[in-house]
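Contents: one structure, followed by commentary.
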């Protein structure tokens, strides 16, 4: 299978602290890859670097063969790489549907003048987007709350909202930071289903940071283990579960 | 050239202390207070009250004036700003509120004293040549006091317990709260210092020029220019900025054209914002937020 | 009946200030750009329009009285040119000022923009060749000839501005702006450029302020730099905050309430003591009103209403 | 919420307009007094106000002498020295109070109010607007019925220069003016007047108002040690200027305009000891002494407050014009205001004589307290000028040291107008 994304030893220092210390990762198309590791291992930091929020001190990141490190988050997103956040960050004062409606790329209404002048185009496009969003919200179980302000949602629903928003950007690589954190058991199941379905239907590649082992082991393959900003091990669930170093630092250590 | 030195120093003496005080207030309380300009005015008028109405000598009136201004400042903080800070509103809301508070204070002073200008009862004196300087004794006294007070504040920040508390609070309020520092106390002390400095600055303006309701609001923008040029998060920067702005204004008046000296201050401010938004002596605190938005977009 | 001509005057002023309020809503309410330099862009629009439309007679008077005369009165262009120029200049200057300012955190932006407005004010005061300085520009023609038609014109333009503001709220660009307001990191991670979003909002708002300026110049038929001082800005802020930030109806309400009734109503009260006391009291009340509103009803009289998808599609 | 707010609006609406009553013939005649009671020029309003009060008091004193059998009621508007409030206030006077004409406003806002008066078809007599911008407009030309009972700054500056030449015989001089309209108007006048008497100006400094320091400006000003400085600034600026001027020990004789008045003296003494002001003032004779006493009863202040004579004259002229036209309509005042104020006609020196003469069917020419008020084609008079000096010796802060009559300065004025006419081409 073809590689869609790879990052070659990324370094990022916060003052003296080595947040990322030569971390490398390679993703194949249509896989669901996981990054696991103890807290402070630098998983979220790597997401921020890949998402363009922090510039890496050293190392290169390639997406679909293009170099994307040094680009702004919005430019990276437009290339087809979308990430979500560990603590669900919703646009609180906006309704759920507005939150999701914000996501679709190159909308007509994004330019000030066409927003004013091209009524028909704007209208029809938003209708089209809404049809997609409607079904998506139904799948995510957010349809009932579509007119709620996002800040009034429960933690799990916010996760759902964030994922739906990310999906609406129609990414080829979707980086989920603890998608099931704060979600109930059912919600977790729903999220896992959604991820697999998207992989199969839309052919989206996933990179997931997760703590819940059952999620990882059932959902993801391969798995990267991160330890103090470095690669510790990677491979399919079985190898990881049997890897000594991993057991030391992580599973029960 | 030597005239630039004298006039620059005098303007500096009127700007430095308010700038320093406002800088401390912003550093600790984490919001811009537009009422500060009118607190400057209040300080001048309270001193005027003692000096003119009760006929007390200048120095004593100044001390009383500073005390009452500080009390007034704390009163404003307790009644208007603290309740909002408890609600954890964002700094901007506090800024807008301080705007309203400024309206109130300014017009209360207007009602109290009327629109006409006032003078402290200080005997007139001729300026003398001292080295390159050409100043009256009062002015020399003011410049020296200004420098001494500024240095005093710096020492206080560096070496006293209060100074440490203030720095700790400004660096990380939550953490210091965990450490058991009563943030409210620090706020109050900061306001006392800031308002005392404001009063002193206002009185200096009065002694060097005249006192009028609304004088503070006029100078406030210039003071902000000082802060932005020097770096808002840095007390040394505030005084340094005051120095630069003062000399820039007077130099403009001398060599370019007097009417432009006010513009000079603002243009300097905009220039600094363009090349180094964090100010000459400031950290990167202002920039980090928009390297996302703007600085990065310039690179790519 | 004369009373209506008076109401009309006030209504016109309210309408013009409402445009400023709506512009501030785009800046602060939508995009969280606290613009404290309203007076500056107001002035830019007013002067651009006035300089281009002032009649030759004005220039002759200037020269007669011993002044250079300068630009005003050289062009004698029609009103339409004036107002378009007002939009263009306000937008351009807004753009140029936006480059340094829009990088700043909100509160720094607020303070810096006050400085910018003051710089513009002093510029107008001192660049005699362009603005004739403190003397200001008079004899600016009122396009429609009489106030009644002009009021219709102002109302019409207000309606357009209002519609534009509403339209932006409901279309994608408005959502992006509000996304920036809520959380920049998220919005940029969704593929929206923060800077261009802010800049668009900024420039659009500034252009609207320019329109208001132009209308004001042609309504007052005379402008002086002295009108474009921070107090003007603060007045707009106060009625926007009181009326209801983020809700355009609320802003209209605030304008009518503060600019219309409050300011005018006090003119009917008997003077208490010295004449300067009444305006002072008026300002004190306005100030207290602002404080109380923010303390107890921060969303203003008419708050933002969640947009329902059914209404939208 | 919106409903509630709309209800509030309606309530307020009713509240505001419940003040307004219709006007019937028996009611007093409404006259507007539009002055800067607040803002930068608050002292102008404060000074002029008693003049109007006094005039109205005298007009309404004797029932038999009421103009067309009705009293006059003053409605006051505050321009706040800005044009937005000025427009609003003038609108209210014309539309709500239904005034027949307006006394005022000052230079700061006069230009915004003229169009309103033009539209209302009413007369506007400004007692304080000296700005030279009015020199070629008004007097009924293209429907702008604006007149003045204060002379143009051309006259005042002529007086300043004349007095300087007569008393100090300087070889060179300098100007030191603020960047406000009034000051620039004075500056323009002084420059032209100095051309006429060929007095070279070695420095022409302009400065922003209300600054903390004027040392740099003063340094520039005195580079060539001019013995005479023509200056104008607002009181608080004066205070700073004089203090710093004294500290720097620069010397020189200051000669100011109507801005060199008690307010600025109070603010800037003792530093400004000896500074001279040449400004509109009354002659020193029995008539004005008596008038001054009557004024003091109203104002509660000693001496003649700034512009009070001009305001007094303006109000009287309105009353006489109403009587002359036998009607309180704006139109009739427009037609008669010139008749009563200027030749031909018997000279009358107070309201009572004027009204009697009119009733006797005579043409009258009102000779005011502030001046003869004989208007030129632009509705501008040449008033008397008094010369005062700032001194701590006088309790009021100003001591009168002389008078400049129109005759003294006719040549200079003629010269200035000639220069300007040429420039106008």
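A, B, C and D are the chain letters, set down in written order, and residue numbers restart from 1 in every chain.
Operating definition for what follows: a contact is a pair of C-beta atoms (placed from the backbone, for glycine too) under 8 Å apart; a residue touches a chain by one contact, two chains touch by 3 or more.
What you see is a predicted model, and the numbers here were worked out from it, not measured in a lab.
The chains in contact with subunit A as well as with subunit B are C. Number of steps on the shortest path from subunit C to subunit D, with steps defined by chain touch: 1.
For the pairs B-C and A-C, the larger set of C-beta contacts lies at B-C. A simple rule picks the central chain: find each chain's mean C-alpha point, then take the one closest to the mean of all protein C-alpha atoms, which gives C. For subunit D, the chain whose average C-alpha position is most distant is A. Look at where the CA atoms of subunit B average out and do the same for subunit C: the two points lie 29 Å apart. Rounded to whole angstrom units, the spacing between the C-alpha centres of subunit A and subunit C is 43.
Averaging Cα coordinates per chain places subunit B and subunit D 40 Å apart.
Remark: subunit A and subunit D have CA centroids separated by 75 Å (rounded to whole angstrom).
Of all residues in subunit A, those touching 2 or more other chains are 53, 72-73, 75, listed in ascending order. With touch defined as above, residues shared between interfaces to two or more other chains in subunit C number as follows: 122, 125-126, 185, 188, 193-194, 276.
Multi-chain contact residues of subunit B (touching two or more other chains): 115, 259, 262, 292, 297.
Residues 1-2, 5, 8-9, 12-13, 15-17, 19-20, 37-38, 40, 42, 45-46, 49, 76-78, 80-84, 87-89, 91-92, 94-96, 98, 108, 111-112, 114-115, 119, 132-133, 135-137, 179-181, 184-185, 187-189, 191-192, 208, 420-421, 423-424 of subunit D touch subunit C in their complex. Remark: subunit C residues 32, 34, 97, 99-108, 110-112, 114-116, 118-119, 122-123, 125-126, 184-185, 188, 193-195, 198, 230, 234, 237-238, 241, 274, 276-277, 280-281, 283-284, 286-291, 294-295, 298 touch subunit B in the complex.
Those residues of subunit C lying in contact with subunit A across their complex are 164, 167-168, 171-176, 178-179, 181-183, 185-194, 200, 204, 304, 306-310, 312-313.
Those residues of subunit B that touch subunit D in the complex are listed here as 3, 6-7, 10-11, 14, 115-119, 124-127, 134, 136, 139, 205, 208-210, 212, 215, 218-219, 250, 253-254, 258-259, 261-262. The touching residues of subunit A, when paired with subunit C in their complex, are 51, 53, 72-75, 77-78, 82-83, 85, 89-95, 97-98, 101-103, 105, 107-112, 115-116, 122, 126-127, 130, 146-149, 165-166, 169.
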